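Shared between the two complexes below is chain A, which has chain B as its partner in the first and chain C in the second.
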Partner chain A sequence: MKPLSLITGNTRGFSIPSLIIGIVLLGALFCFPSFVQSPYALHMMILLFLSTIMGESWNIIGGYTGQYSVGHAAYYGAGAYGTLVLLQKWEIPPWYGMWAGMAVAVLLSLIIGSICFRLRGPYFVLASIAVAEIVRITVLNTPAVTNGAEGILLSDLPPFKIGGTVITDFVSKVPFYYISLLLAIFTIVVTWLLQNSKLGYYVQAIREDQDAAHSLGISLSLYKSIALAISAALTSLAGSFYAIYIKFIDPSTVLSLDLSVQIVLIAIIGGIGTIYGPLIGALVLVPLSEALRSNVIAQGLINCGVVREDSGVGIFLKEHLAHAHVLIYGILVVIVILFMPDGVLGFVKKKSRDWGLGTGKGLDR
Partner chain B sequence: MAILEIKHVSKFFGGLAANADVSFTMTQGMIMGLIGPNGAGKTTLFNCITGYYPPSKGEVLFKGKLMNGLEPDMVCKLGMARTWQKVRPLAKMSVQDNVMVGALCRTGSLKKARELAMEQIMVVKLEHKADFPAGRLTIGERKKLEVARVLATRPELLLLDEVMGGLNPSESEEIIQLILDIKKQGITQMVIEHDMKAIMRISDRIVVLNSGEKLTEGSPQEVVNNPEVVKAYLGDFHA
Partner chain C sequence: MTSSVLMQAIISGILVGGVYALIGVGLTIIFGVMRVINFAHGDLMMVGMYLTYFLFTQLGIDPFVSVIITIPTMFIFGGIIQKLFINRIIGSLPQNQILLTIGLGLIMSNSAMLAFTSDYKILTTSYSSSSFNIMGISISQPLALSFLITAVITLLLYWFFMKTDTGQAIRATAQDREAAQLMGINVKRMSIIAFGLGASLAGTAGALISPTYYIFPQVGSAFTLKAFVITVLGGMGSIVGATLGGIIIGVVESVGAVTISSDWKDVLVFSIFLLVLLIKPAGLMGKSST
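So, the complex of A and B:
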């Protein structure tokens, strides 16, 4: 049995060892909050799951269908605003509002698709950016509904009923941990189902060669629209979750171009067109950005004795490294893309083949 | 019975007539050869027939149904399928998955599609490469894959655009046998080919295009003995 087959996406049935590893991993994730109470650790895990949801969602249209949308903030924002506007204006609980947000996102995706899918390659990318910017500016300029640039601040959440249990305690991060974990698993399952369906074959054919796909009886506009709608619906879930979790949204956080790029990066860094690529991408990017933002790296270098705390370099690192986190983050992303053009997962697969650990064949799919 | 009728089809790109007033009819089960010098408008005609370009003028009737303005995917679903002169493998997908994409045109079940795909892969004798990524095949194998994939869509009329281009003689011979086998299955074929010997062997009738116009049409013997055809290929001197 190839040790890497779990992460490299064995698609034709699961082998016993990878199934066991998967169950153990899932079990550990479900028990995590019982052992770790630190809100910070829980927060990091929630961010990890949220990034996974975003990356997996984008992967459906970008990785599988090959349509590089750099406007996914529009759907994220639709989820976030849909949920909070309904809550604030009409006191509709977010558990219902998120479905409304999803409906808006899907509708938006159909409109965007009908405009942008006529274009191919870089022109599609530009159009997707433009349309997302239109959405952002529209939200910014309709303060009557969206509060404009001020954003929406949520004071308290109505209780959430699942079956018999009622959850009222939203100060704790534990409910959010489980919600985001379940959503992340849900998006991975959706991706797995996609890959093993007619739709999955069709969108991958579109990615590989649109004209060939068209000549084999595949309606390009139909299947691209379906893929984008699924992607948009899942992205809106991430947006709704963010809005309820952070309890504050404004156009510059949930509708910005920055966010769209961030979503794309998660999938590209991890490895696009694979089930677990975006998960790997989130595992790399979330800790990286957090380590750079805090002073962990500078402190670590000093503690290891690499740099003396009172030396010029030490003072520089301590004072300024955290300020330059965006710059360093950017440079690291460029390095990863340069040296791992197929993402981290593609890189691992290639190395495992080179070192004879297995054929890495699962990744071709 | 006429399976395909092409009536006065013209295609203009700006002022250039890539096809001008081309008409001919194909009957069920025949192999029609389509020849002509480079730039004669053979591939343009394929594109007009299969929905990639709407014809500027004229009509394309498939089984009596007007095809003008239909998208290529609809054309394929109605039973008319084409291959590409420049092969278009779905490079990162395996050979079997490539053919499955074609088979999914007629079934929603992956299991059924996988079986149908395997049948066609056996027909073109690529079964030893079934799990190979299509991008790693040789040109000869890619041409075969192209045929297997298009056969999997269960066409009644197959348009083959230079499936022998760039192949060595033994590979060409395999393709010729394949085309004749497809004919035995009752599938009507239109074949663009530059290899004269091959086209003479397989065609029931041949249409010659030159500068976008139909120069002549007839049996292979009639066509090669036509001085106009010799002139189009070799110039005035030889005629």
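So, the complex of A and C:
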């Protein structure tokens, strides 16, 4: 079966139409900044790419290997702090600091793996949370290196050199757009390579049945650790990018349990163990939570005449809805777990199959 | 450091540990009966705290008296959550259960934020900062009161589980769900009671701690983590273990705060947690190894 599909060139997920759609989409993404100058639109796209990177990297350990780490904020924070601490204390440019952050994240993942991978199921989840919390408290309480609870504010970036050209214009979001786009593509390519590699098959075997995989001679701790290290490295990249893009980090934004949960939810809501899942998750979550954050929804309700602006409810919504953008994560995850156990992607696929459509659009009930 | 300081720390650790024990016992009952780890446990406690706060500020009911209202209210709240959500995921993948309860917790804490903003609220009673002395050791009055109430509730709980039919039916369900069902026990009803009990214990803990703690929407997650540490330490599903675990964690925190530093006391707690997971995952009172 496998050789045949190789000859016909029709491997999973890479039919000719989907390949064309993919290329067109990529082309459109690369041209996007030349047509849209609005910094806000670019910002949204960057957030989308960032969420995609986080979701895809978690997917490697959570979706493919089946180890539900709820402590990925530790790696994200390692990337963010690694980059900014080096930049601030020793003026090491972020494109070197990034690698240092990644090294810290990988090292951390090996330590965490050696502790947590002996545990299974809920115990693994609890241990991963505990380790991430230890990291957060440590960063919070070593102000000499990390500025503690104050966090690190980056006032200016050193110029960025690629070949002969020097990019100094960091106010513009365009360079960040391309960096995050490339990082997102890189993460997806790594995931795709992993999915179709021997390592990928090993970790998926571990996900399906640890004991069976072990009895077939697959070293559980080795392959889980490799998967976690890759996942941690990619997550740290997202953290480094976030730190340079937002220019401010503190333990409660880049190391919190909430962040770990959000990373998991991106993948879960989209659908785990697939390449498109986290992408869909990001596409669902980022616009929704941003709409809440920027008060689009409250304003929309007022404009539609559902609530009057000067009424108590209107004022209340305008004032408070923005603070509760995480609420949407909670509601979505409950809906997804109860009604779409395979995520939005799995749900849409199943529905379209039920209706006998090949690629039909599934409508939510 | 003098031994009296240490003694002081141990005493206040035990007093706080009583409240921790309530949170842990609630979590362990829910886990025992349904095999669901409730990640929204701290958020249930937060709901209890806000309930107490409003009973106090709006109706002037003393936080320790308001427990009489908090217990049934939280019981019904927990029962509804069980019937609407938890019931559907009993026996499904553990990760899905965890995520569902995380989602429920997020909904609770963010709804609280929506309704009451993220401001810290402080419930000040006339005795909030008063204390009395026994043999040179000063004991905070609200902590001592809350410990007393905790002890009464825990004793009642033991009586309920050991002597009443419903209590025994719940224990039977926890031991073997299917066998219990075959014996004619209404397992679904027992689950609702168990989650209701868990929620009311968390809510009570919230009520008891509110005179001495800040009240804010995100207060839950720290206590959820603490509840896990306590239940794992005592052994998942063991009520005696959770009681013991709560007191141990209370003492570790309190003694850690005076001997090391209060900034690092949580690191100490989590380190103990990891050590227990690695060395004796069944916990102090656990029967089966996992």
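The definition used in the following text is that the second predicted complex is superposed on the first by the 312 of 365 C-alpha atoms of A that agree within 3 Å, B and C clash if a C-alpha of one lies under 4 Å from a C-alpha of the other, contacts with A are read in each partner's own complex, and residues count from 1 in each chain.
Definition applied: a contact is a pair of C-beta atoms (placed from the backbone, for glycine too) under 8 Å apart; a residue touches a chain by one contact, two chains touch by 3 or more.
The structure displayed is predicted, hence computed values, not measured ones.
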Note to self: So in the superposed three-chain picture, is A:C31 touching just chain B, just chain C, both, or none of them (first/second/both/neither)?
What the structure shows: neither
Checklist line | Comparison of chain B and chain C by chain A residues contacted | finding: C
Next item on the list: Classify the contacts of A:Y68 with the two partner chains as first (chain B alone), second (chain C alone), both, or neither.
Entry: second
Next item on the list: Applying the touch criterion given at the start, work out whether A:N141 contacts chain B, chain C, both or neither, answering first, second, both or neither.
Entry: second
Next item on the list: May I ask you to decide whether A:K198 touches chain B, chain C, both, or neither, giving the answer as first, second, both or neither?
Entry: first
Next item on the list: Identify the partner contact of A:I129: answer first if only chain B is touched, second if only chain C is, both if each is, neither if none is.
Entry: second
Item checked: Residue numbers on chain A that touch chain C, as the complex places them -> 68, 70, 115, 118-123, 125-127, 129-131, 133-134, 137-138, 140-141, 257-258, 261, 264-265, 268, 320-321, 323-324, 326-327, 329-334, 337-338, 341
Check: Within the complex, which stretch of chain C touches chain A?
Finding: 37, 85, 88-89, 92, 94-96, 98-100, 102-107, 110-111, 113-115, 117-118, 221, 225, 228-229, 232, 263-264, 266-267, 270-271, 273-274, 277-278, 281, 290
Note to self: For the complex, give me every residue of chain A touching chain B.
What the structure shows: 196-198, 201-202, 204-205, 208-209, 211-220, 273, 361, 364-365
Check: Which chain B residues qualify as touching chain A in the complex?
Finding: 50, 52, 71-74, 76-77, 81-82, 84, 88-94, 97, 100-102, 104-105, 108, 110, 113, 131, 133, 149-150, 153
